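Here come two complexes built around chain A, the first alongside chain B, the second alongside chain C.
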Partner chain A sequence: MALDTSIIAGGWLAAGLTIFLFSFLYKDNPFFKIAEHLYLGAGMGWLFQVSVTSVWIPKIWEPVSKGELLVIIPSVMGLLLLTQFIPKISWLSRYGFTFMMGYGSGLAIPAGLSTDFMSQIEGTIRPFSKLASMTPFSILSSLIVAAGTICVLFYFFFSVEHKGHLKKVSNVGIYFLMIYFGAAFGNTVMARFSLLYGRFDDLFTFSGASYFYATQAILAAMVIYFVIHWLVSGRKPASEEEAA
Partner chain B sequence: MKETLQKFFKIDRRWIFLLLAVTLFVPIVKPIGLPNKSISQATTRVYENIEKLPAGSFLLLSLDYDPSTRPELHPMAMALVRHAFSRNLRVGVVTYIAGSTGLIEELFAKVGKEYNKKDGTDYVILPYQPNILAVMTQMSSDMYGIYSKDRNGTPIAGMPVLKGVKSYKDMSLVVCVTGTAILDYWVAYVGDKYSVPVAGGVTAISQPGYGPYLQTNQLKGLIGGMKGAAEYESLIKQPGKGTSGIDALNLAHLLVLVLILTSNIILLFVKYF
Partner chain C sequence: MKLIKKQIPLAIVFITGVLTLISYYVPHKVSVDYIETMNKWENIVVAFAFLLGLISLFFSHYHKITRKADGWGYSIFVFIGFLAMVVPSYTSHGKQMVDGMLTPLGWSYKYIYTALSGTMFAVLAFYIVSTAYRSFRIKSAQAFVLFVAAFILILGKVPLGQIIWDYALGWTGQGVSAVIEWIMQVPAVAGKRGIMIGISIGAIVTSLKIIFGIEKQYMGKD
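Moving on, here comes the complex of A and B:
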């Protein structure tokens, strides 16, 4: 099935920008710079249009046009934040920040205390209230969670010198932390591979006849560029050029 | 001998990049079909929570990811929507990431057609909203106070998909798919505060951090990364991009393991022999 011209053009653009950005892994080059600057510019443009179409027009312009003048107050407070750039009147920005701080703290502190503090303490203790109905594996799991929590908390308790039994407990806490960091690192590697797989999957899609072999064409053009550059720059390996 | 082995540590890292690229690319060109046999309990819990909902229940999806995390999150969002449609659930979609709007359109254009579901009748896509906390708070009392129209500008009041839905108490489950901290907000400001069941789908990087919420049941389930997407596709028996990515992930992980083991063995050999 023949694809629409705009889809094919989009495929060439996506394949080109992906290959340009990946080309940095070989060495810095103008194509990488083009893609990098284009990304920054497009990102800023995108954010600007989002601010205008999703915030400015529906949240300020339309209500004011309908006579809902109350929205002017938060709008002015928001604009006051910009006075930070004018030293003489920068004190005005405090009013906006004060509101943001009060509003943010009011929402975040109770929710944080309840969700991340009380509920987590409860979650660590509660299993021990129903040991009779738990399987041996669940009991062991709950013991490990409780022991891990206590040991890690001791590790972060700095008001007492870590020596004797306290040192032993906090050392166990380090092992729990290391297990977490190991799991987090493993997952990070997996996530990065998934993202790379996603780009390769797209490159493979764009390598088809329906996209007029966009991936192969751009890849070949990049290889030709690097070969010519290598010949012109006196046949220095890329690693030496970077060192120079 | 030692000198020869030590050269291994000075290898140009670009050879490793190339090796990794080939390892990931080969299964895309020629799928090997490595099985995905382990399904985590956290993913199963999301599946079971949706599976037990009666037909016609309202499922709120918060799809908050942009193209930067698409390979991991789009397959799981697609699997979730497929599951919801196959169970004849009503689906509402909100987003707090502007960059996700195009992906949401793409998703529902495809899956909606597969299940013959109609916009406004079976699902509704609400527009992007800034200031997530204000929106979440408002939705607890009256969602029409913040969302009066869908993303095409059609008024949502009276839409069949939203019949009887006014606030969180009318929603059976909230599932947030995100690569950001938005799932934390759903847990803290909606799940815990209004006793709404909240489940999530996150990138593999964020996954370990949600363990405590799973243990306390503050999160009803969690799909993690491309592996999680593949697991969910297995559960609904509809292989997609998550499943096809497992080949590449398995091989890439194998390569990393081989490289770590080889370098450690060489290091030990150089040091002690």
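Moving on, here comes the complex of A and C:
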């Protein structure tokens, strides 16, 4: 099936940008830097358009158009942030920053208290309220969680010198931390590889005849570039190349 | 001058912080309305804070171009990338799909932004492998525990690993997925809970210090 021209063009662009970024694995090169800077600009552009369509238009422009003038107060506080560029009056930006810090701090206390503090303690203790309905293995697991959490907390307790029994308990805490770090590391590795498979899958799609072999063409062009670059500058001594 | 430069900003932190904190625990329409309004205001101020960062980035790259600094040509691509997202957004009114068809914004997002962001993070997979080599050089019992946890997780999430596990440890009657689930729900949770409780205590204390004006580095210098 013949594809729309815009889709083919998109395939070529996506394949090109993907290969440009992957080329860094061989060595730093201008194509990688172009793609890197494009990413920075595109990322900011995306966030800017999100900001315009989800904040500036619905939360500032539309209310003001309807005569709801209360939103002018945060808008002025926001505009004052831009005084950071004028050193003489940059102190005015404090009004915006202090509002953000005050609101953020006020919200962080109950949020941290309920989700990260109380609910974690609750999750550790709650299984012991239904021991009768639990299997011996579940009871053992709950005991391990409770003991492990206490040991980790002892490891982070710096008010007393870690020696004697306290040292032993905090050492056990390190093992639990290591298991968590290992598990988190394993998950991160798998998430990154899943992204990698996704990019390879896209490159495979763009290598088809319907995309006019975009992947192969761009890959061949990159290889030719690196060969020519190697022929031109590869024979120079390393120090000379670095100086250039 | 000290009043408008220091004391009023600190009063804003205190009043906003205390009112937000109290509103969270007061089940009344006034407090609910207050939180909703403040949430809107916060979004607006944050949008301007983003603009501050954007202008700063543009200044930096604009100066690089005008001064013809090293690699100034690449800075042009920052503006091209920005326009490649913003112009289609303007023509598409911020919509990515209309009647099942990609709009110019949807096209830019799919073929430029997704390709770039996906690849940028995928490249990290290669560096993680080299980091793994350094991390997994077992020098102590603790490093061994880290290695075993990570190895089981990686092994268990690929079909080949599951086959190897079944071949070598199938006699135990436990599949690798059950072992992974146990690791994630028991010892890893213990480690995570300790960290989360520690972080929450730190966050609460820092927030209180900010509200009461003890911590005020964010105000900058006079």
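The rule is short, and it goes like this: the second predicted complex is superposed on the first by the 232 of 244 C-alpha atoms of A that agree within 3 Å, B and C clash if a C-alpha of one lies under 4 Å from a C-alpha of the other, contacts with A are read in each partner's own complex, and residues count from 1 in each chain.
By our rule, a residue touches a chain if its C-beta (ideal position, glycine included) is under 8 Å from a C-beta of that chain, and two chains touch if they have at least 3 such contacts.
Computed from a prediction, not measured in an experiment: that's the story for all the values here.
Of the two partner chains placed around the shared chain by superposition, chain B and chain C are both touched by A:F193.
Judged by the touch definition given at the top, the superposed model places A:W46 against both chain B and chain C.
More residues of chain A are in touch with C than with the other of chain B and chain C.
Residue contacts after overlaying the shared chain place A:T18 against chain C, while chain B stays out of touching range.
In the superposed model, A:E122 lies in contact with chain B only, and not with chain C. In the superposition on chain A, A:F212 makes contact with neither chain B nor chain C. Residue contacts after overlaying the shared chain place A:Y26 against chain B, while chain C stays out of touching range. Applying the stated contact rule after C-alpha superposition, one finds that A:W230 touches neither chain B nor chain C. By the document's definition of touching, of the two partners only chain B reaches A:D201; chain C does not.
Contacts of A:W61 after superposition: neither chain B nor chain C is touched. When the two complexes are laid over each other on chain A, chain A has residues 25, 46, 55, 59, 107, 112, 115-116, 120, 123, 145, 180, 183-184, 187-190, 193, 195-196, 198-199 in contact with both chain B and chain C. Contact residues of chain A toward chain B in the complex are 25-26, 46, 50, 54-55, 59, 107, 111-112, 114-116, 119-120, 122-123, 145, 180, 183-184, 187-191, 193-201, 204, 238-239.
By the touch rule above, chain C contacts chain A in their complex via residues 5, 8-10, 12-21, 24-25, 37-38, 40-52, 54-57, 59, 71, 74-75, 77-86, 89, 93-94, 102, 105, 107-126, 128-129, 132, 135, 141-143, 145-154, 157, 182-201, 203-204, 206-208, 210-211, 218-220, 222. Chain B meets chain A in the complex at residues 12, 14, 17, 20-21, 24-25, 28-29, 68-72, 98-99, 127-130, 133, 137, 187-189, 192-193, 203-205, 207-209, 212, 215-218, 224-227, 241, 244-245, 248-249, 252-253, 256.
Remark: chain A residues 6, 10-11, 13-14, 17-18, 21-22, 24-25, 30, 33-49, 51-53, 55-56, 59-60, 70-71, 73-75, 77-79, 81-82, 84-85, 90-91, 94-110, 112-113, 115-117, 120-121, 123-124, 141, 144-149, 151-153, 155-156, 173-190, 192-193, 195-196, 198-199, 202 touch chain C in the complex.
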